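So, here come the structures, one by one.
What follows is a pair of complexes built around subunit A, which joins subunit B in one and subunit C in the other.
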Partner chain A sequence: MLNKEEAQRLIEEVLAAYPPDAAADRAKHLTVVEEATGEGSCGITANRKSQPGVMTIRGCAYAGSKGVVWGPVKDMIHISHGPVGCGQYSRAGRRNYYVGHTGVNAFGTMNFTSDFQEKDVVFGGDKKLAKLLDEANALFPLNKGISIQSECPVGLIGDDIEAVAKQKGAEMGKPVVPVRCEGFRGVSQSLGHHIANDTIRDFILDRQESTANEAGPYDVAILGDYNIGGDAWASRILLEEMGLRVVAQWSGDGTLAEMERTPQVRLNLLHCYRSMNYISRHMEAKYGIPWMEYNFFGPTRIADSLRRIAARFDSRIQEGAEAVIARHQPMVDAITHHFRPRLEGKRVMLYVGGLRPRHVIGAYEDLGMQVVGTGYEFGHNDDYERTNEDLSNTTLIYDDASGYELEKFVERVRPDLVGSGIKEKYVFQKMGIPFRQMHSWDYSGPYHGYDGYAIFARDMDMTINNPCWKMMTPPWR
Partner chain B sequence: MSQCAATIVPCYPLFQQPEYRELLKAKSAEFEARVPQEKIDETFQWTTSEAYRKLNFQREALTINPAKACQPLGAVLCALGFRGTLPYVHGSQGCTAYFRTYFNRHFKEPVACVSDSMTEDSAVFGGQKNLFAGLQNAKALYEPEMIAVSSTCMAEVIGDDLNAFITNAKKEGRIPVDFPTPYAHTPSFIGSHLTGWDNMLEGILRYFTLNSMADKTAGSSGRINLVAGFDGYLGNFRLLKRMMREMGVEATLLSDPEAVLDTPADGRYRMYAGGTPPEEVQQAPNAIDTLFLQPWGIEKSRKFVKETWNHAATQVDAPYGLAATDRLLMTVSQLTGRPVPASLELERGRLVDMMADSHAWLHGRRFSVYGDPDFVMGMARFLMELGAEPLHLLCHNATKRWGKAMEQMLAASPFGKGAEVHFGRDLWHLRSLLFEKKPDFLIGNSYGKFIQRDTLHKGKEHEVPLIRIGFPIFDRHHLHRHSTLGYEGAMYLLTTLVNAVLERLDDETRSMGETDYNYDLIR
Partner chain C sequence: MPEIMLRRNEKGELLCYVPKKDLEAVVREVEFDQEERWGGRLYLANGEILHLNPLPARPRLPLTARAHKVTT
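What follows is the complex of A and B.
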């Protein structure tokens, strides 16, 4: 592992390849943290525009809204409003699992688009939008509502999707939600999360002050879990086992009814802070609902989280939490006992989005592994503040890393595992570095909860200890 | 607790465990305000009905499950086919993330491509500043030999002028004046990924040849130029090169991404590998002719080649199946004076031999096909050569003219009589068509798996199994390495089709004591 001076030198070497302006900017996004100070944002500048031409891996506001927050709401139709590409590239790619009859009462893996043509750009797309909303409602009568996810042109040609949405929503008697998540807004997916949260606030929560449901004493909601590979289900099962009643999932396997019911819960449980802190804060301010962050990766953090959640309730729930922890302990011990010797001391570099650059550190540590580099695609300063607490050794920190930086860092650090996304995967595999996709769980999962920990351990082991990594050099070389 | 250290299971079958089934059932019953099951069942049945098909085909504004993508995706693939070339997309950055991801998932390969990350302020002031910094940064970091610039719809809507911006960037000294920077405007609200591929190729040909035609003479090099177009099968590029090699014809593939999209795992990442050399592009006007192997997907480049290079751009069909490959080879032979060699005649004979061997399992089988226009046309032609019967032939990104040509082609064969041609329609239209008339199989890309599931949900007897041929294929591994063109490609297609038929037959006759007949060892 590099010490602080070596890591600092490595950063300087990498920056030397950039033209001066870009180097000066990128310098603010790269650093080394020696040990957790528990405060400050690791000395990182975050949530700024990407440098042009450097191969950022970031996406756009549309990706943050349609792809992350709104898309998984399964019983609503989400229209990709604009040209055909965005909806096609983001179709069914995130593995936000749900159960339902797709095309009948669930629509998650489908792609609805207005497929803008030149005439729509020239003359405006509002008429087309009005018509397609009617068509969607006629062909899919069991939909609970429709969201309009704006692509770039919509915001540039002066369309009034709000007016269309208002009129059609009134006609249909369903929420029709205009979302201004055009891809050029903001600097990354992150603004799309925020915009999506705000539209849920304005068009779902404010739509009706529903008090139809009786609020139970143990009602909670899971926020910021997109049920990738079934994560939210593997989390829900623990919360219910300890005696809580999970009345809503935001937004993996989520429904309109669950969102509408959330303002009556006792506590909002927030997993991905980055993408749903906005709506959590709103519900706190408006309805007085407290929220807390938790971490369901790896048994140490799970147990800690279960206890912290239980502490917000009475002794019944606290005993429930202890019982859940105790019941799972033998399985957890067996998993750790089996995999830890195979993974002990392995070094990991992460480069992901949302919560994972910090949240999964504990799970790796449960397996005896060390995270020696981490960074966020679209984090803000408050993410780096939170990360600081999780670091336990000298760690390279990179914000909005370019392809070039990541390649150089990995080449020098030679970690035993890189956890990042599909765009990075094949680069590192060819370099002979074991790689796991940490957005999609590499088509595996769930990784949340105790059941998820077992899969996480299995997956890290299979990738690090697969024989293929030793076959890269021919015997005659 | 559903895991045990000895047998750890992922989502499936983890969520089959009773405690998870219970959990999902309770969630649905208590919190989802789910409509009653009878209503869902009734609505599902309605979506498979004749009435629904009519309603579905009345759609004018809404596209559901398209079978096409947008222009810059094609531009990126085209650019990747040139040596040392970094594709550069001018506009919002999310598009580039999507293009890379889309190709990563299909090819299982890294895809280098940069964006110049335009944001709100660029929307107001234009993206020239982004392009200046972007070209400078990209060249410094990734040291390409060429940067090929395309554009997103954002840049197109605000009217950014790529030619002016790139010229200004060079004047400003951001990149050297002689550094190759072909460009193409690729608005995603016109055409499809094929249009973008065509536009980018035209941009590259224009850049390297437009102002250096004085010393060029068509035919002087004795070479042939081949344009494969947007093609997700790497084997096709290799196959075309091999066939030309065996004919003794020196050929230039205008865009050849097979190497950069198939680099080895040997401890080193190569951002660039293979590709058409820029100097070959410069000399391309000296070739005898340029053949466009996806005639329905490429117009602008063909026009450029005819008008600027004075090439005939002799019309050929996409070489799917036997006859179209025969015609391509004969065309090349006529143009170059080289005979079709014995090796290719042998290969042809082997294909015909395979067709004879398998005909009994394919004759009269009905296949529906969707995809890009030349793929659908080529596949339909090959199916008829096999004695199979195309049923629905659907192309989202084709024109009326294509539709007419298809009708003509089908009318000329007894096997084409029952076929229906649909252009400008999407996969939700196709779903209705498959409920109306059931083919034995559906041929298309991975998106077709959702149609298979829908048809199965109506009942096993309605299920239309998907045969994965096309782009993208995300859910099966390594199929993109095969070829689908030429005799070799036809062998792969035939093998895939006949084995799909045989596997399905096994699947339907595997019930012991129920279907003990036709579950044969030998076929």
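What follows is the complex of A and C.
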């Protein structure tokens, strides 16, 4: 177990490798939160430009918009406007599950791109875009709309995609959404989320064509759940079981119609605060829909969240929530009983994005594990503030950690498990440390909800207690 | 003059959100907290003070407004 002094010394040691300026800058991104006081991470500097010359794990604004927010809207075509690589290398990598016939009425895993060539950069790509929109619409007539996700060159050469979108949208009678999410904007994918939220507001919610369904008293929307490995489904069934009506999923397995219908719900339930707080705030200001954050990782947090959600409704829903919790308790007990002895006391370090650096802590604790280090790739100050309440032991906090820092931290802390992305996976496995890829659940999932907890527990056990770790000699032995 | 958004959190506390700065802090105290006059200095939990031109009535939340920072 790390204590505060040790952790502080570790940070200093890591910083010593940098030139003075870089060290001074990075020092603001690293901190230790002490047990009980829960203070410390508020003062952290976040959402700043990464140090030049160091390896960062961040993505770009295009990744935030196309990959995260817009991409999973399954009945719309999302065009990666620009060179082919940005879309092709990220295609289907996030495992946002959906139901539908790909290429007929759902397009989630497909890659549409304008495949920019030199001549498009020199002479402009607007004509090509117009042609592409027509072609895509003719080939896939069941699409409900098209979004144009700009890649870097589009912004650099100053194409007027808004004009093309407006004209084609009028011709097709469908929303054609120009998204100015060029990769160079902002410091990370985070700005891409914001830009995507703003375009949904301007081009979908304000389009005012929503066919006002009969709004029910128990209508809610799930925001910021991307259905990775089926996460949103595992969450949705719990809400429905307790008597709520989930009319929209943003945006995992979501549709255009669901988004259009959201302004009529009673309550917006926000899972990933980082990527969808903007639209939640907008809907609160404009339509008066309250929103609340919840956490569906691990039974403790799930029960707590279900009760907090239910408290916003009448006694029918509150009884429903208790019934849901009671019904799942035997299953939860069985899982905890089976896996906790195998995982008790294991220490975990996380370095992920969005909501996970704080949200999954509860699930680990339900299994008797401790999170000793956590950090956000692209968190903002409000994320770090929210993190404090989830921390229960002395924890190392790192914002936008570089490859070097993370390696050093892990080498010295020697956790029993590291949870981060695919780029980190093999580095740590080669160091002899069990690793879970916590962006897309390492090809597993769902991890949300009670069903997700069963899979989460099994996966962690499978990884940590895998016999292979005994067969290799890590470099420090 | 940064834009701020005021809302209540689950506990019923007044929250001030400054989008430009990603700052979300509980408002500890509002200078004028009356039915016919609301606003003035907002004392945030993080120690910052913002000034909001007093409104003629207690506002309906959420409220988007302009406020400026008071340097003490």
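Please note the rule applied: the second predicted complex is superposed on the first by the 464 of 477 C-alpha atoms of A that agree within 3 Å, B and C clash if a C-alpha of one lies under 4 Å from a C-alpha of the other, contacts with A are read in each partner's own complex, and residues count from 1 in each chain.
Keep this in mind: a contact is a pair of C-beta atoms (placed from the backbone, for glycine too) under 8 Å apart; a residue touches a chain by one contact, two chains touch by 3 or more.
The shown structure was predicted, so the numbers you read here are calculated from the model rather than taken from an experiment.
J.: First (subunit B), second (subunit C), both or neither: which does A:Asp198 touch?
T.: A:Asp198 contacts neither subunit B nor subunit C.
J.: With both complexes superposed on chain A, which partner does A:Arg281 reach: first (subunit B), second (subunit C), both or neither?
T.: Only subunit C is touched by A:Arg281; subunit B is not.
J.: Determine, under the contact definition given at the top, whether A:Gly403 touches first (subunit B), second (subunit C), both, or neither.
T.: A:Gly403: touches subunit B, not subunit C.
J.: Quick one: name whichever of subunit B and subunit C touches more residues of subunit A.
T.: With both complexes superposed on chain A, more residues of subunit A are touched by B.
J.: Can you pull the subunit A residues that subunit B and subunit C both touch?
T.: none
J.: Could you please specify the touching residues of subunit A with respect to subunit C in the complex?
T.: Touch residues, subunit A against subunit C: 42, 46-47, 281, 284-285, 292, 308, 380-382, 385.
J.: Mind listing the subunit A positions that touch subunit B in their complex?
T.: 17-19, 21-22, 49-63, 75, 79, 82-93, 97, 99, 101-105, 109-118, 120-121, 128-129, 131-132, 135-136, 138-139, 141-142, 144, 151-153, 155-157, 182-187, 189, 229-230, 233-234, 236-237, 240, 246-249, 253, 255-258, 261, 327-328, 331, 334-335, 337-338, 402-404, 407, 421-423, 425-432, 444-446, 450-451, 454-455, 457-458, 468, 472-473
J.: Report the residues of subunit C in contact with subunit A in the complex, numbered from low to high.
T.: It is residues 5, 7, 10, 17, 21-24, 46, 62, 64 of subunit C that touch subunit A.
J.: Considering the complex alone, what residue numbers of subunit B touch subunit A?
T.: Per the stated touch rule, the residues are 1-5, 8-11, 14-15, 19-20, 23-24, 27-28, 30-35, 39-40, 43-44, 47, 52, 55-56, 59-66, 68-70, 72-73, 88, 91-95, 97-102, 104-105, 108-120, 122-123, 130-131, 133-138, 140-142, 152-154, 157-158, 187-190, 192, 263-270, 431, 447, 450, 453-454, 457.
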